[in-house]
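Each structure below is given as structure tokens.
Here come two complexes built around chain A, the first alongside chain B, the second alongside chain C.
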Partner chain A sequence: MIARLADASRSWLHENFTRDNWRLLLFCYVALAPVLLLFGYVRAWPILKSFVLSFYKWELINPVRPFIGWLNYEMLLEDENFHLALKNTAVYSISTVMLSTLLALPLAIFLARKSRFSAIYQTLYFLPVITPMVPMSIAWKWIYDYNHGILNYLLSLVGLPSVAWLTDPDIALWALIIMGVWKMLGYSMILLLVGIRNIPSTYVEAAAIDGASGWRQFRFVTLPLLKPILLYVFVTSTINAFNVFTQVYVMTLGSQSAPGQAVRVIVFDIYQNAFQYFRMGYASAEAVMLTLIVLGFTLIQFRIARDKAGQDG
Partner chain B sequence: MVSHRSLASRLLTLLAHIVLCAGAAFMVLPILWMAATSFKPATEVSIWPPRLLPDAPTLENYRGIFEDAPFGQFFVNSLSLSLIATVSVAVTSLVAGAVFAKYRFPGRQFLFMAILATAIVPFESYMIPLYLQLISLGWINTFQGILLPTLFMSFGIFLLRQHVSSAIPTELLEAGRVDGASEWWILARVIAPLSAPALSAIGIFAFIQAWAAFIWPLMVANEQSLFNMELGLTAFQFRFSTDYGKLMAGSVLSVLPMLVIFVILRRRIIESVALTGMKG
Partner chain C sequence: MTIRKSRSTDIARRSALKSVAATGLAVAGGMSLAPTARAAPTLSIWTGYPELVPYYKAVAADFAKTKPGVEVNVLSSSLREMEQKLSAAIPTGTGPDIFDIGSGISLKFIEAGLLDANPADVDGYLKGGAWNKFTVDWFSLKGKTYGLPIIEGRAAMYWNRAMFKEAGIAGPPTTYGELMAAAKKITKIDATGKMTRSGVSMRLSGQGSGITEKFRFVLEPAGGSLLVQMPSGKWSNGFDNDAGRKALQFYVDVVQKDKVDDPKVPHDAAAFANGQAAMLFREAWVIGEIKKTNPSLDYGVAPIPRWDASGPYKGIVQPWGVYVNGKSKEKATCWDFLKFLTQPANALKITEMTGWGSARNGVDWSPLLKQTPQFEVFVNPPKDVIPFADPIIGPFDEIQSRIADRLPGLFVDPSLNNNPAKVADAIKQLATIADNILKQAGMYGTS
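Showing the complex of A and B:
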């Protein structure tokens, strides 16, 4: 048995590893080496290490770093800052994703029809996607300014009282959501637009011949065919939204309009634990939770996509 | 009856355009408001009721920020970081993408899956160990330390692999080999030119992402001379938190390169986002 295996592998080696093949193999590994080294050092190793660190009491200023098992996670479950961060991040993500997708869908359907203005609208709605987050957060902060902001001015025009957009953490969360929708809408719109344009026109024509009206066409033809891409938009933007940090840091931290009280989100909490309190182990446990949440969303997407494929096949 | 219906549908289209215009105004207004404020003299910035356009437009804010902070340095830093990241992402994506697409070697499937699967893990959740590694390298507060995580992109490798395996026939590579060309020559002279569209999509994307990088530079760069635009602006904001004329001038400088790129490459950028799904 072993002899036969050895024979088989020898003849396999003989067939596949001629001089030329060795040359090709060498090329593959030499070409990949820099990328793999980079990947290992910058991505793979740190990911593994974050799991390991989460089981240690690892503080930057303390050279004694004992293994403490699940203790970091247990503390995390009782940490009110973490609860608040989790709640805020979930509210932010769900609201931003729901609102931007709900607005993007009719927008994409309208713009998918060939029209003179479609390209202009696409450009304008897409513009916020490519703008960097820091300058736009500063611009939005100016818009939200309590005394001189243009938003409170617009409210006063219709007789509404001024709102302290960034001072009260509860309202500030909604200020962040409005800006989040502004930033995300164009992204969802473009993906849905591509999805709608990829629907074969024969489906729509067939529905029209059967006498389906606009709404029924949408409900029974466009929407089901759009489901995979809709799902993709949901998942990618939810993952994106869960990592919200920059706008929180810029808009609600350490400035006169927000005296010390930031809207606590997960990444901000990780950042604070790691780089202000130097509790690297504890922050790593929190980072692992973030990974698991994101992983959960991705698995749900795969699951639904697979079930769908199963139905179709 | 027919004309009645067409009138109704015309009204509906008109209504749709009104809604769309209002929406478009909402999308553009923050950028316009930022630009307009940056040209207002201090006396006009917080005037009530606010006016969109400045009465006496001035470049004073732009002159001022260069005096208050080294914005020229920030800009050069951002530009060099982004350009190096773009070139590096393009090269690594091309090489790895082509090797994964066209060559058979032990470990191929595993390595590719590993690169792809880890792409969904958010950077924010493994930046702590990476930071600790950087400490032991002695790269905290260095240019290369800030640059490091932007040098390659899983999605670029994935995209190039898709492109090379579907758009470039293997016969073309064989033909090159028959002529005695080396694999490196084939990569540079056959695969690279034929991958230009995919490469430019991933390059644009890498540039936009590197330009907007924030949390990692925030952790790694302690000295002002290493700040990129995003970090410089944030620091500037903490010092001059109410001087909105200057703040908007700095913000315009950070947004402007993206707007210029967008105006020139609008179609490509939109396609590239549709293609890549804006993922790292």
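Showing the complex of A and C:
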């Protein structure tokens, strides 16, 4: 039996891999090796190392690193800051992803029409995506300023009272969500726009001939065909949203800023544990939890999209 | 003929090789035997206070006159970033020769064996009367000394003379009761209910240990401490008591009951310098900030008030050290530089150039005080001010930061207004946070 299998695999290799094929394969791997090694070193190895570190008590400066098993994870379960960070991150992510996608979709439909100014609008909406986060966070801090911020000035024009966007613990997280939507909107819009433009016009034309209204064309033709792009937008936006950090860091710096606890998110908590308290093992456990949560959300999104596709099919 | 030629060529080649080898050996031998003409060292300094860079450079230029050729490179970043850089660089042997840092980090380096104890001459210099006992103790651990003091953070109360005069108040408050009364008179609210001038600028928002540090400016005069050491050497919270409740109640009253400050209005040094706040608790560097942004501001500096007329004045003192990396290859030159850096003339220079005070004894402050009398409280603190300092234990920064996470929410929590029971409950929760961190570090004890 084993001899027959060996013969079969040998003949398969002989048929499929000639000397030239082997050389080509070898060349490909040799050519890719530097990039793969670099990727492994800067991406895969740190992830693996973080996972290993999460089982140790390591305080960065201290050379003694005792193995403590699952203790870091057990402490996480009782850590109120971690629970709060988890809740805030979930609220931020769900709100930002939902709002930015809901706003991006009509924008994309509108900009998909042939118009003289379409390119200008696309550029304008996409600008926040490529603008560096630190200067933008500082600019938003000014926008949100209670006394001199433009947002409160605009509210005053319509007779509304000023809002303590950053310093009110009940509002600070929503200030971050607004900024998050502003940052993410262009990214989602561009992807959806590409998706809409790639839908063959014959489908829409056929629906129109069958008497479908604009809404029904969108509901039964455009939206189902846009599903893979929507899934991609949801997945990448969710991953981005769960990793929110820079704006939180900038907006809580200084005396005139958001109360840290009101906007505590997971990456900020990881940063504080790792680089302020030097509890690297504990921070690694948090990072592993974040990875698992994001992975879980992504799988759920894939499952929902697949089930929907199955039902539609 | 051919053979002879060949032989002569061989001999010539052999001779040439011998000559080269001999020359090589002679050069190598000469190199090793000749007296060492060592290049003057270049010292690297890292600081978490960018404003100290010109000072380090100025002192280095003077030092180079005594040690020709010695150069100094200074790298600066924000304090937090510097703590992170040093924490990664010192253990891996990639750090600078010299660095300045607070006790929270230096203690960890000492415990990890990354800092050498001061050499005998430096130890003698530190203990020889140039600094008072409080400061020397700060740089001592288990009978050894580490590093030298460079700056000393002392907080005091800045008060705006013009605003006090306008409100008919003769001088700065000496108790927290007087402070609140003065603040109520000075605070301005516009017709829409917006605060346009705060009576006192407290640290009410943001994140980081500074919020708790400022909370201690009220807690300590009220009779509490963030942490207290037990006879066993263990630690426990020192504020789940009447003093802690008074301090939190004071903050709640400032924001909610008496409304003399508001998280929404401008705060800190900028607000005081711009005339948007009448009082502020801060260190000496604010004097430099005022000189830069509003030199005509009419203000005074007084000790932080007592809780009441029978209580003591308390003032935080935070010595800041400068250390030699245990892995530096230029330790001798580094220690020479640090001794030079901390001479009385340079102590005066650091205050003149940066606004930061120095704890050095034997400094003639009169030229500085003649020019800027507001420095008086910082450089010659009144004798009746009892100093208090951060406990030199590893988890202290985390305890301050974790409590700071909670305080801003409590200051504005309406359920705490006129509700002593809720205030007591909040203080108990904060105390539990402190005790739990101590327990995790194996440092908690109540006896």
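Keep this in mind: the second predicted complex is superposed on the first by the 253 of 313 C-alpha atoms of A that agree within 3 Å, B and C clash if a C-alpha of one lies under 4 Å from a C-alpha of the other, contacts with A are read in each partner's own complex, and residues count from 1 in each chain.
Operating definition for what follows: a contact is a pair of C-beta atoms (placed from the backbone, for glycine too) under 8 Å apart; a residue touches a chain by one contact, two chains touch by 3 or more.
All figures in this text were calculated on a predicted structure; none of them were measured in a lab.
Of the two partner chains, neither chain B nor chain C is touched by A:Leu86.
Once the two complexes are overlaid on the shared chain, A:Thr252 sits against chain C while remaining clear of chain B.
In the superposition on chain A, A:Ile270 makes contact with chain B only, while chain C stays out of contact range. In the superposition on chain A, contact is made by A:Leu124 with chain B only, not with chain C.
With both complexes placed on chain A, chain A has more residues touched by B than by the other of chain B and chain C.
By the touch criterion defined above, A:Glu59 lies against chain C but remains apart from chain B after alignment on the C-alpha atoms of chain A.
With both structures placed on the common chain, the touch criterion links A:Ala175 to neither chain B nor chain C. Of the two partner chains, chain B is the only one touched by A:Tyr29; chain C is not.
Using the contact criterion defined above for the overlaid structures, shared-chain residue A:Asn147 touches chain B and also reaches chain C.
Where the contact sets of chain A with chain B and with chain C meet, they give residues 147, 254-257, 275.
Note for the complex: chain A touches chain C at residues 59-63, 81, 146-147, 162, 164, 166-169, 252-262, 264, 272, 275-278. Contact residues of chain B toward chain A in the complex are 16-17, 20, 23-24, 26-28, 30-31, 33-34, 37, 45-46, 48-50, 92, 95-96, 99, 103, 105, 108, 111, 114-115, 118, 120-133, 148-149, 151-152, 154, 157, 183-184, 187, 208, 211-212, 214-215, 218-219, 229-230, 233-234, 237-238, 241-242, 244, 247-248, 250-252, 254-255, 258-259, 261-262, 266, 269-270, 273-274, 277-279. On the chain C side of its complex with chain A, the touching residues are 80, 83-84, 87-88, 90-91, 105, 108-109, 111-114, 194, 203-208, 263-268, 397-398, 401-402, 404-406, 408-409, 412. Of all residues in chain A, only 23-25, 27-29, 31-32, 34-36, 38-39, 41-47, 49-50, 53, 103, 107, 110, 117, 121-136, 138-140, 142-143, 145, 147-148, 150, 153, 182, 185-187, 190-191, 193-194, 232, 236, 239-240, 242-243, 245-246, 249-250, 254-257, 267, 270-271, 274-275, 280, 283-284, 287-288, 290-291, 294-295, 298 touch chain B in the complex they form.
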